[in-house]
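Chains here go by letter, A, B, C, D, E and F, matching the order in which they are written, and residues are numbered from 1 within each.
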Amino acid sequence: MSLSWIEHLVIAPILLPLLCGALLLAINETRHNLKFCLNAAALLAQLAVAIALLITVDGGYWQQGVAVYLSGNWAAPFGIALVADRLSALMLVLTAVLASCALIYGMMRWTRVGVHFHSLFQFLLMGLNGAFLTHDLFNLFVFFEVMLAASYGLLLHGYNLTRIRAGMQFIAVNLVAALMFLIGLALVYAAAGTLNMADLAVRLPALEAGDLDLFRLGAGVLAIAFLIKSAMWPLGFWLPTTYGAASPPVAAMLVLMTKVGVYVILRLWLLLFSDDASPLRGFGASVLWWGGMVTIAFGGFGMLASNSQGQLAAYGAILSSGTLLAIIGLADPNLIGAALFYLVSSTLGMAGFMLLIELIERSHNPLQAMLAVTRQAFEYEEVPEQPVGVGIPAGMAFLGLCFAGCSLIIAGLPPLSGFVAKFSLFHQLLSGPMAGTGVAFMAAVLLAGMAATIALMRFGVRTFWASGTISARLHVSEGASVLVLLALGLALTVQAGAVFGYLERSSADLQRPELYIQRVLGEPVVPPPAGGD
Amino acid sequence: MNSLLGFSLGFVFVCVIIAMLFSTVRLLIGPSAQDRILALDTLWMCAMLLSLVQGMRFGNPLYFEAALLIVLIGFVSTVALAKFLMRGEVIE
Amino acid sequence: MLPSLIIAPLLASLIAACLPANARNREAWLAGLVTFMGLLFTAWLYTRVGQGEVLYWRLDWLPQLGLNLVLRMDGLAWLFALLVQGIGLLVVLYARYYMSPKDPVPRFFAFLLAFMAAMLGVVLSGNLIQLVIFWELTSITSFLLIGYWHHRIDAQRGARMAFTVTAAGGLCLLAGVMLLGHIVGSYDLAVVLAAGERVRAHDGYLATLVLIALGALTKSAQFPFHFWLPHAMAAPTPVSSFLHSATMVKAGVFLLILLWPVLSGTPEWFWLITGAGTCTLLLGSFYAIFQHDLKGLLAYSTISHLGLITVLLGMGSPLAVAAAIFHTLNHGIFKASLFMAAGIIDHETGTRDMRRLRGLYNALPYTATLAIVASASMAGVPLLNGFLSKEMFFAESTLIGGHDDWWMSVAAVAMGVFGVAYSLRFISVFFGQLPADLPRSPHEPPRWMRLPVELLVLLCLVVGIAPGWSVEPALTLAAEAVLGEHTPRIDLALWHGVNLPLLMSVLALVGGVLFYGLLCRFAALRQCDRVPLMHRIDGAGIYDSSLSLLASTARRVVQLLGTDRLQPQLLLILLTLVTVAGLLMAWPLPVAPAPVDGDVGFTLMWVIGGTCALVAAWQAKYHRLAALLLVGGTGIVTSMTFLWLSAPDLALTQLVVETVTTVLILLGLRWLPLRLPPRALGLDIPRSVWLRRSRDLLVAAASGGLMALASYWVLTREAAHNFSDFFLTRALSEGGGSNVVNVLLVDFRALDTLGEITVVAIVALTVYALLRRFRPAPDSAQPPAPQTSAVDPAAGQGPVEHTESGYLMVPAVYLRLLLPFMVLVAVYFFMRGHNLPGGGFVAGLMFAVAMIIQYMVGGAVWVEARFRLQAHQWIARGLAIAVATGLGAWLFGYPFLTSHTAHVNLPLLGELHLPSAFLFDAGVFMVVVGATMLMLVALSHQSIRSHRLPPGRATGETL
Amino acid sequence: MELTLSIAIGVLFGSGVWLVLRPRSFQVLTGLLLMSYGVNLFIFSTGQLWVDQPPLILQPGDPDPADYADPLPQALVLTAIVIGFATTALYLVLMIGSRGITGSDHVDGKEHDQ
Amino acid sequence: MSGLEALPPWAALVVSLLLLLGGGIVVIGALGLMRLPHFYQRIHGPAITTTLGAGCLLVASMVLFSSLQSRPVIHELLISAFILLTAPVVAMMIMRAAVYRDLRGRRRGRGGPQGEVYRLPED
Amino acid sequence: MGKWLPLPLTSLGLALCWLLLNQTLAPAHLLLALVLAVAIPLLLAPLQPLADPVLHRPLALCRLLLVSGVEIIRSCFNVSRIILFARHDALNSQFIRVPLDLRNRHGLALLSCLINSTPGTVWVEILPERHELALHVFDLHDEQWWVETIKRSYEQPLIEIFEGRPAP
């Protein structure tokens, strides 16, 4: 008995970027094109792998739709088990897609402003993919660190004043967060005596009272670490600074990184605290709920208060993070599918927006923009000009269109995926037992959507309708990557039925931990060859 | 004889720790940077001796490794510190 | 076939957007043809809809949630579709001539067609959610169309205002519709329409009603949301006539009509809808009188008429619904024509200011006649369509509140009076003497520009004179669609005999004329610069101030609840930690007796470690070197603790890391600014600083205390689990190594190690990249003071002189002699790692330390001239080796990183154990060497660069 | 020993926290160092304290797990030390980079008026 | 203390004496470091720790393990050799650093090395 | 020795060191020691500008080491006594200069090793102008005695050992 090649697919999303990163490192920095091509090829391969995983996971190739890979051939709670289920596969695909867009976007400019962009980029992917695949807490820490270290590098890539200031903040906060991760992890290990997530779920109900208290403490501290990453108020003030400073491709990847925190919380919370048998059922739900709600409010106010594109996007990201956290806090299993839809949709929208920002800035004359703002402040009875329209240059029109698309997704306005997400959330909320929290959540989401609308519109009007616009010098690659993201948003909308079906199945997976546990802990190791070694 | 050995092992152990304490006092009060560097170097040396003593106390030769490493590594930071004091930078 | 009604204009919109900027005719032809075909198709559908058939088209979209695409055409939808496309066609024609040849019309026509598609979507929706989608799309396209002349501030403002209000309403509508769907259990319109009883009886009815009404009222510019409509007049006139009079603003009333069977018939419905409508109709008509802008007048008039329709819908009687539908149609017809006429006037004279316009009849008699007829219709003059529906309104108004309650009738007549007055005001521009100071001298517009107005006015007449023949069937059809079996007999006739409504009409006409005359004479209508009595009800002002309030509140909230500084952030994070840990800590702590005895030596050792840490914390600001040394002391104690407590690997690792960290920090220290304590500078520390420090001290003490409690808890528990037994029992037998920690690192949990070395590699690359662009601060760019001091003979020498004859001559002998031995010991630690403490990491750092000493002695240039360590390649190859080792298992059908120990029997040498983990560890070794060297060397090169290069080239790219 | 170590962990962590809350980047760096010492010792302590029982299987035959210290926390701490080392180096370089480009060693890259 | 009981008495005696001596020397060295008034005196304190103190302990260790394992255990010699290779460098470097630091300080009017050897050019 | 053993003494030291570290004479380790003893110097020779010293009088070296070993122990007790019992403010700690004739760097290194290992004396540097050794003495009684002792007991044998010439 030995593993077939297809089973190695599970670890390929970690190995491909690692190998590619190492290879790129060995290539001289002057050979931009070669590096870019290798990077792109590796990305394509990752995309293919991710899609293959998604198809096989969903297509019943693996038992229960859960692919388990025992690294080092050690049985599950002891070795490090990688697990690809529908949710992981989805996140992998999302990562690969986003990364491809970011890379293509950066092709002409951003990948060249500093050294080792390509290696760092691949390492970032390794961290992200690893975080999505691993089901071992400490290994998760390691992949978080891989991801963060690479993101530090990319954030500081070709640094300038703002970037280094942001870097100081981002890195300091994340280092503290990493320490908390470690403390929480240690407490959990001390209490439950395992690091494997599935094993943790098995052991949790059997814990003695004292150990349970210890475990709860650990879970609390661990949650802080994840909540810092998912930028919950008041732990996420690093985000606006960081997003505002990062170069567009990196900012687009940062969008995904915020979601990693949410992803982990979602997975762990559902696994450990949502089951009826769990002695800590509903642990921290109210904190997530309140935190999420305050974060939504903070994000909404932040968007209204923003006066730069970067801030707008950052607070948008905070808002979407808050929404997801509040959903988890609602502890309603029906909502998970819709929440995932929201996650995917907002990630695509935000990433597109991040890429767009710089293009807009580039084609915008700041002086004129300022003039427009002042004019707006002091205007009223201005002599109406001749009612003849002013043409919008094609590049600007394209940007405007993309901006509108991203805005629609972010603000959750019809007809794009943001709206579908919002609708499905509300629908699921309403189809459950109605409670005050549900109503408050709906109100918050609607109001935040309105705030986003107002803020985005204000920004759009000042930018695209200001007379200071100059023809944008767009590169095809840059436009194309934004367009791809938007097209995906559109596809998400058009294929909402199919996507939602998939997400509901993912959500169902998450609600049946016993099957997952059985798969992870029951996965046999490959026996040593007969006749000894 | 074994009680004597036990006693002297305990004694030397306490001695090393006390030596560490004394060095720490110097490390804390300085007053000059060279005093502190000297104190830290002494602390390293005491740590090496502590490893040796621990090895003897437990009858375990494994502690030797740590002592070896301390000897080979500990002086590096002292040299670097001294060079920093002398030249303002460590590598020219 | 129904989707084609929506898809065709949508496609046409896309095509229109792609046409060149000057393709005015092509655009118009495209838009016109598409609209015309749609119109024909809709008209043809009468053959089926007219039979009472309801046409459906369905497509599954999100069936799980009941969100499907459903197009549904009943009588009402048919009538509205006809209206939309009919007026749309005329507007397209009109716009062809209205828009300047210099206007970039592709955008205009694209948006117009997109709007038409969206509007048709609203009208044809058979699913409530889908309706909301199209609803918001009309808001969006309306926003784009109002902002078509986006360089104008009023256009920007109007567009934003309109969109804000209608989009907010749309969100309410979404919520309402979802509630409705929740109550009914379906979003399908047919199902919802059949569930009226259930809805009205449901607890959520009121919320549903309010939310849906908010949607409808905002869209239809009802009080108190009316204010956006006048500002929307910044749009090109075709847009005003199409969206803001005939169609989009009718979406709100359309929705009320559509859901009338479901929601109406309750007091809440009555008070909400009628109340809003009444306020609107009075306010709108009164305001209209005092406008000076032609379009402003028409806008307020539109508001008032929309109020009228709303009131009719609120009344709750079937006939009122029929009247509402009828008036919707009529208003669309006459108001569109009036807008077009106003547009022509604007186009021809260059102004819309009624204070300047006079005697236009002389210049454009034909247009004037048309406009006068249309405004007569607006005023409710008999023989015109406006009269009929208004009379129906009067009739219905008398029924409200029974026989003793006349308030509605009074309001209706008042509205009629105002309506007549503003209609007179409108037509006043045609009479009198043509002023000479108009911006342009007016002429009759092109024939084709006038044609739409002519057609609409003709319709006014036809409907007004022969309603039974022209419009009754369609109206009945639409009413039946809404009212079903309750449809009343609709008897549209010019003459119903002398009755109360007729009297009210006459009263309104006469009263209006008198009122206008009085106003002109006594109130100086033309000089009036604001609306008397009511000017305080300034919705736009409230909107503006509330938006700016919102923005300033938001800024304040973000300032208050957020921060962009690091320290408060970290404080909050740590406070959260303290709070969470404090709350979750078990009180009192369950403490078992300590399993390991106390040891004075250990305690003394930690007295050292702890004091060092505390003093380091105290000294780190002004005495960096001291703090560094003190942290070193703590590090030593930590390593000794590890050694003592059975963790030799940790002790070794901690020791080497300690050293390398010290060297690294020393390399960096040189670039930090000189900092003298305030006492040395004779400064006082302000009180706020002390407060802040006490606060931080408290947090630090609390977190330290909690940490101590937690560890005491952990340490004194009965160890319940035996997780590690697995590793202990299998490390040697299956992992092939006796050092369990090392086997864990390179076998059981090798994936962690792989990640860990990746982190090290990444950090090294980042450091390298950062330092390539490093630019020292001006005050630290100079060589450090010791190197410029005249006291020291070594000051003026370079590293080579130092080692050849200078102060390093003797030390260099030692340090160079040590190098091979340190390397040998590194090899030793590497080789034994799998079985005894050591391993690739320790060995790698040792090797790096050995090298760095050579850098210290010989200087970077000297070393690199002789021994160039390709750090990047080491990292790359190390990673590759580690991965390749793991991948080797694939060849044998095992998972990644499965280890294998080869037992080789060699003659003379005996049996050798060669675990694959050894190779993996070699990868670790290489990465660690490469990464550490890269960092140290990159750091050390800064000194060379910064003062060996001329100032301008201090940031050279070579390293 | 347990009490000593607990207090030591508390003192290290607390000193680190104090420093991390300070405005100068070097203070924060030192704080991070101290905090990671504390945290490493804390992780280490989850395997409880064993004197002279390192997890080295030097005797032949089936090892009795009760004779050896818990190796897993040690492995975790080892990884944590390495990662901590890397991030310290990064923060250090960032610190001097920031100092170079902003001219200030304040953590925000600019001096705030107090 | 695993197996220390098996130590022959003579070895135990030798080891004990060496340990007592070494321990005493180590403390005295550190005491010197702590108590001597000037840096240039303090630097002589640890010197006895590194030479005789460490030497005694290393020899004790050699004797102890050799007799415990009934074979020559002499790898402590390596430590001694490395001490001989590193300690002088450390002392030299610290000393020279201190001297010139003090000389620079003296130029600025603070104290400095005594005596005639180190004079400033102007002195 | 040339190409394969650029630093023969170092190689010898390395091989010895390896065997000592592993405390074995097993054939595998002997082979490994040999390999390392050749490979490491080959790899690192560029960083060693000095050739290995030539020991002209090995016996003299042994005697020197023995003598200084005794001196070290003696000084050790001396210094301990001073630390414990002497009045610290009465100490005459002084820098002294010792003119040197020894030029061989290995010789100088060994001299510094001996001086620094002897408690009570610390080598500061070789003052460049006149090739004088600056020395710090813990408790100086007679400067001339020190100068003579160092020149006679240490420098003289060292010159003979490393420079292969009789001392002047």
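Just so it is clear, contacts are C-beta pairs under 8 Å (C-beta built on N, C-alpha and C of every residue); 3 or more make two chains touch, one makes a residue touch a chain.
Note that the structure is predicted; figures quoted are calculated from it, not measured.
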Steps in the shortest chain-to-chain touch route ending at chain F and beginning at chain C: 1
Mutual neighbours - chains that touch chain C and chain E alike: B, F
From chain E, the most remote chain by mean C-alpha position: C
Farthest chain (mean CA position) relative to chain B: C
For chain A paired with chain B, centre-to-centre distance based on mean C-alpha positions, whole Å: 49
Euclidean distance of C-alpha centroids - chain B vs chain D, Å: 21
Rounded Å distance between chain C and chain D, as computed from the means of their C-alpha atoms: 40
For chain A paired with chain D, centre-to-centre distance based on mean C-alpha positions, whole Å: 29
Residue numbers of chain F (touch at least two other chains): 17, 21, 112-113, 123, 125
Numbers and ranges of chain D residues touching at least 2 other chains: 20, 28, 42, 45-46, 51-52, 54, 56, 72, 79, 83, 86-87, 90, 94-95, 97, 101, 107-108
Where chain C touches two or more other chains at once, by residue number: 564, 566, 570, 574, 644, 648, 669, 707, 710, 714, 722-723, 727, 748-749, 752, 756, 759, 762-763, 766, 770, 773, 785-786, 792, 794, 807, 810-811, 814-815, 817-818, 821, 825, 836-837, 939
Chains that touch, pairwise: A-C, A-D, B-C, B-D, B-E, C-D, C-E, C-F, E-F
Chain A-facing residues of chain D, complex: 20, 25, 28, 32, 35-36, 39, 42-43, 45-46, 72-73, 76, 79-80, 83, 86-87, 90-91, 94-95, 97-98, 101-102, 107-110
Chain E-touching residues of chain B, taken from the complex the two chains share: 1-2, 4-9, 11-16, 18-23, 25-26, 32-35, 37-39, 41-42, 45-46, 48-49, 52-53, 55-61, 64, 67-68, 71-72, 75, 78-79, 82-83, 85-86
Parts of chain F lying in touch with chain E, wherever the complex brings them together: 17, 20-21, 23, 72-73, 76, 79-80, 83-84, 88-89, 91, 93-97, 112-113, 115-120, 122-125, 127, 134, 136, 138
Residue numbers on chain B that touch chain C, as the complex places them: 13-14, 17-18, 20-21, 24, 27-28, 30, 33, 36-37, 39-40, 43-44, 47, 50-51, 54, 62-63, 65-66, 68-70, 72-74, 76-77, 79-81, 83-92
Of all residues in chain D, those that touch chain C in their complex: 1-24, 26-31, 33-34, 37-38, 40-42, 44-58, 62-63, 65, 68-72, 74-75, 77-79, 81-90, 92-97, 99-101, 103-105, 107-108, 112, 114
